[in-house]
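Quick heads-up: structures coming right below.
Two complexes follow with subunit A in common, the first pairing it with subunit B and the second with subunit C.
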Partner chain A sequence: MPKDIDINVHHVARVEGHGNIVIDVKNGELKKVELQIVEAPRFFEAMLKGRRFPEAPQITSRICGICAVGHTSASLRGLEDALGIEPSEQTVLLRKAVLEAEFLQSHVLHYYFLIAPDFFNASSVIPLAASHPDVIKRALRMKKLADDVITVIAGRHPHPISMVVDGFTRIPAESELRDLLAKLKESLIKDIPPTLDLFASLKFPSFERKTDYVSLKHPEEYAYYDGIIYSSETGETKHRDYKNKVKEEVVLHSTAKHAKGPFKPYMVGALSRFNNNAELLMPVAKKAAKKLGLLAPNYNPYMISVAQIVESVHNIERMIYLVEELLRKGLKDEAIERQTIAGWSAKLPQIKKGWGVGAVEVPRGLLFHEYRLDDDGLIMGANCVIPTGQNLANIEDDMRALVPTILDKPKEEITLLLEMLVRAYDPCISCSVHMLKVDFV
Partner chain B sequence: MADKSSFAEAAKDKPKVGFFSFTGCEGCQLVVLSMAEKLLDLVGAVEVVNFREASSFKSDEYDVAVVEGSISTVHEIEELMQVRKRAKILIAIGACAHIGGINCIRNFDNQFEIKKEVYKDNASHFDSILAQPIDAIVKVDYYSRGCPPNRDGEEFLEIVTAILQGKKPYIPNYPVCVQCKMKANVCVFHKEKPITCLGPVTRAGCMAPCPSFGNACIGCRGLVDDPNINAHQETLKNAGLSVEDILKFYRMLNGMMEVGK
Partner chain C sequence: MTRPLVLGLGNILFRDDGVGVRAVERLRQDGYEAEIINGATLGLSLFDIFKNNEKVIVVDAVNMGRDPGTIACFKAEELLSLPENRNFSLHEIGLLEVLKIGFALEENFSNVIIIGIQPGIIEQGEGLSPEVEDKLPEIIEVVKKEVNQDASYARNIKRDEPVRVPEA
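Now for the complex of A and B:
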């Protein structure tokens, strides 16, 4: 039946940052689909230009409160790529552990605090705290566990203190790691089973649209920190060639620039990682995927949240593995003393002109940081490509495919389904509005 | 300043609290959320009516507005003025809201050039002004300092609790160095090759987490009253920094102070 629908959701709630959904249907025909990004522009790349490189991780960490460790990691990897620095094995293990912790923190927050209320018919987690106190206490306990890991290894969350180029300014004590290990093992036994029971009982909307799934890929591990860029449609791309896969364009309804692949929009994030790397998940996470009915490949964007739940199980198992590795190898006191975020009074011997790219997975998908340094270690150019920016075009394509199939539903239900779709992508809008492209000299 | 700002006057019943977010990373909301277990006790005492990151329920009635982020668009000025009008008490949380924070770095660049580089010919389409702290636009009753809000949000909780009890929150007015000594850290200026630190001019209250983790203070809590800037700059010069380095160092989070704060 021909129908007019005009949906305008101002500031979608329970997403990080400010975004609007605009849908215009005239006589049953879809005229307009927009995910408007109305967050104030941030200009991070401009802030970096002319600054000394050790400041970059500290400044870019402040792009996003939820992915602060992720930005720090991408920044450090990009700078080390430019400087030709290979950090120690211990540094890599510590960085991987702290990154896994941030995934756990972000995923728990997303699926318990932002997604679950939709299924309990609640506007937020606050009424849930009264009606389901055990659920909320469990969620907070899991988030606290992640915060504890980050605090022990990196100093605090958000905005880590001790993560610097070439290492850490403080190495955790063995006793601190042993405490973490006990808490991680307890959580895997105590918190994960009821989490899986809860979400296995929820029914996610069914909607399928196959797209290009892009993530890192590594032969030995479920890739977060290390790996090659992999697309389910176009195959492998080296991290330094990321611009062959990603191109940002200015769209007038968005202060976040949209990033698209060379051929069509693509998806990054938990579902892409799962589709590309599911066989490398840790054992309990594999069982969790089976229990939650998630099989690779899966083409339903609403299942991103389920992939996040599976990943959070994997995160705990991986942290247990990484901490045990650190303890088994014995902690070396290789704390880096000479670095400071501003002013580079004690110069690293390695400082030289260079260019580098850091590509790491963060909870919402693939993140790129690119830097060009001069001989004094000053940043001449920087570029950050954020997961949400890469997903925006894909979300709009999903909405375009979804809306015609649900036009017979009441407007409120259409609106809720669209809001849930946007929330499923877990968009991090303050991140994606960093946008200033500094041209590389 | 805080004379008419007690919760008792704010509301006879449960005070309604709204959380508002302007330009920033929204990490302050996250820190508040991570205090949730302790906040749940407080939730008994207050009613949260606006917390967009965590809730789709919105209300335009509130007694207390907690505001994070800097103001960096004309639209945000209008929104903030609405918030101020409706709130009896306004708490600015985090460095962006308190001192402008990281957003002010770009204030020292040519604004039109920046926009043009990002958005090309569409530059004039996007609303953006110099980044400013909240009290450059409206009156702020209380500040919860730090980037992120310090001591994992404990200080924020102390401030809210004090207001609930009708007391004035205690915020130290001495430099970070005092608390850094209490943590028994070796001063970074004493090391063989000194690293730079803003601790000597920055207001304490954080318990010096950055020096305690082997790094240096970046001044996220803003300056202490009457900082000895001249002596500090001399020390930074002796540590090998140029004037330009020193300016950049201060401007990382404290750029606003140069334009009259």
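Now for the complex of A and C:
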């Protein structure tokens, strides 16, 4: 039946940052689909120019208060790639553990605080806390656990202070790690089963659209910190060649750049990682996926949140594994001196002219940091490609495919389904907004 | 009883929104002996700070629809009637949202007192407006008296009418 629908959601709720959904249907024909990004640009890349390289992880951490460890990790990987530095085994284990913690924190908050209210007819987590206090207390407990791991390993939550090029300025004490280990094991037994029971009872909207799933991939582990760029459509790309896969593009309705593959939009994030790497999940996480009805490959973007739940189980298991590895190998006192401005003239890793790329997974997807350094270790150029920027074009394609299939529903329901779709991607608009120049017509 | 924690909140890049941070910075510079946290734009982490401290004195900008620089003290429960941020997200969880989540979970945060300062200018930029800057010494006196358990002082600052939300 021909139908006119005009949807204009100004400032989508429960997503990080400011975005609008605009849909225009005339006579049953879809005329316009836009996820407008209206947040002010942040200029981080310009800010980094001329700075000394050890400042980059500290500065870029501030891109996001949720993915601060992720930005720090990508920054360190990019700088070490440029400088030709291979950090120690202990450094890598600690970095992997703290990155898992940030995934846990971000995922728990997303599925409990921002997604769950949609299923309980709650406008936000506040009425949900009143009606289901145990659920929110559990969420806060799981978040606290993740915060504790970040505080112990990275020195501070949310913005790490001890993570620097080539290592850590402080190595955690064995007793601190044992304490975390006990808490992690308790959470796996106490908090995970009720989490799975709750979300297994919820019905996520059904909608399928196969797209290109892009994530890191590693032969031995469910890749977050290390791996090759893998696309379910075009295969492998080396991290330094990321621009062959990722093309950033300026569009008028968004202050965040859109990033597309050479041929078409793609998806990054929990569902892409799950689709590409599900067989490498830890055992309890594998069972969780089964219980939640998530099988790889899955083409339903609403299931991104379910993939996040599965990953959060994996995160706890991986942290247990990594901390046990650290304890088994025995902690070495490899603490190195601080490298921020005050320590600039002190011991620094070898400075040389170079260029490097850091590619790491962060909760919302694949993150790239690229740096060019001059002979004095000053940053000549920086580029940060944020997961949400990579997902924006794909979200619009989802909306284009979804809207015609739900035109018979009332406008309010269409609007809710669209908002839930955008929320499922867990967009972090504040982080992705970084366009340098745009002319608005 | 242990000494209270003094927590300054706000975004210093939004002019007077940062008054709480500027106040605790001043306290630190003066070498004032108290546990002081520059909480800046902390969100949900405030929950544990409130839960794990015997007494917390929050210094923050509060829009009361009064003259810039007006100081008023509130118990946590007095702020609950204010509307929370509709566009609820993790970046936008602030003091009010944390207090509301706390009350919903039956954590009544009676250990939290808020010293609110009416901002004059809230826009992108650095530095306080002159009216609010001039009030800093007085704000600091209020904080010190509150820390020294002279609770009656802060609580007795006259408010001629209940706090209300100004029309947008």
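Just so we're on the same page, the second predicted complex is superposed on the first by the 428 of 441 C-alpha atoms of A that agree within 3 Å, B and C clash if a C-alpha of one lies under 4 Å from a C-alpha of the other, contacts with A are read in each partner's own complex, and residues count from 1 in each chain.
Please note the rule applied: contacts are C-beta pairs under 8 Å (C-beta built on N, C-alpha and C of every residue); 3 or more make two chains touch, one makes a residue touch a chain.
Keep in mind it's a predicted model, so treat the numbers as computed, not measured.
Per the definitions stated earlier, placing subunit B and subunit C onto a shared subunit A by superposition produces a clash between them. In the superposed model, A:F43 makes contact with subunit B only, not with subunit C.
Residue contacts after overlaying the shared chain place A:A129 against subunit B and subunit C alike. In the superposed model, A:P205 lies in contact with neither subunit B nor subunit C. Here subunit B and subunit C are compared by how many residues of subunit A each touches, and B touches more. Once the two complexes are overlaid on the shared chain, A:P193 sits clear of subunit B and of subunit C alike. Annotation: subunit B segment clashing with subunit C after superposition, chosen from 145-153, 181-189 or 235-243, is 145-153.
Once the two complexes are overlaid on chain A, the subunit A residues touched by subunit B in the first and by subunit C in the second are 11, 13-18, 65-66, 109, 113-114, 123-126, 129, 136-137, 140, 143-144, 147, 157-158, 430. Those residues of subunit A that touch subunit B in the shared complex are 11, 13-18, 39-43, 46-47, 50-52, 55, 58-59, 62-66, 68, 109, 113-114, 117, 123-126, 129, 136-137, 140, 143-144, 147, 151, 154-159, 161-162, 164, 168-170, 250, 252, 255, 257, 335-343, 345-346, 419, 430-431, 435-439. The residues of subunit A lying in touch with subunit C in their complex are 11-18, 65-66, 109-110, 113-114, 123-127, 129-130, 133, 136-137, 140, 143-144, 147, 157-158, 430. Contact residues on subunit B toward subunit A in their complex (touch as defined above): 21-31, 33-34, 36-37, 40, 43, 48, 51-58, 72-73, 75-76, 101-103, 105-106, 109, 114-115, 117-120, 122, 125-128, 147-148, 152, 188, 191, 193-197, 209-210, 212-216, 218, 236, 239-241, 245-246, 248-249, 252. Taken in their complex, subunit C has these residues touching subunit A: 41, 43-45, 47-48, 84, 86-91, 97, 100-101, 104-106.
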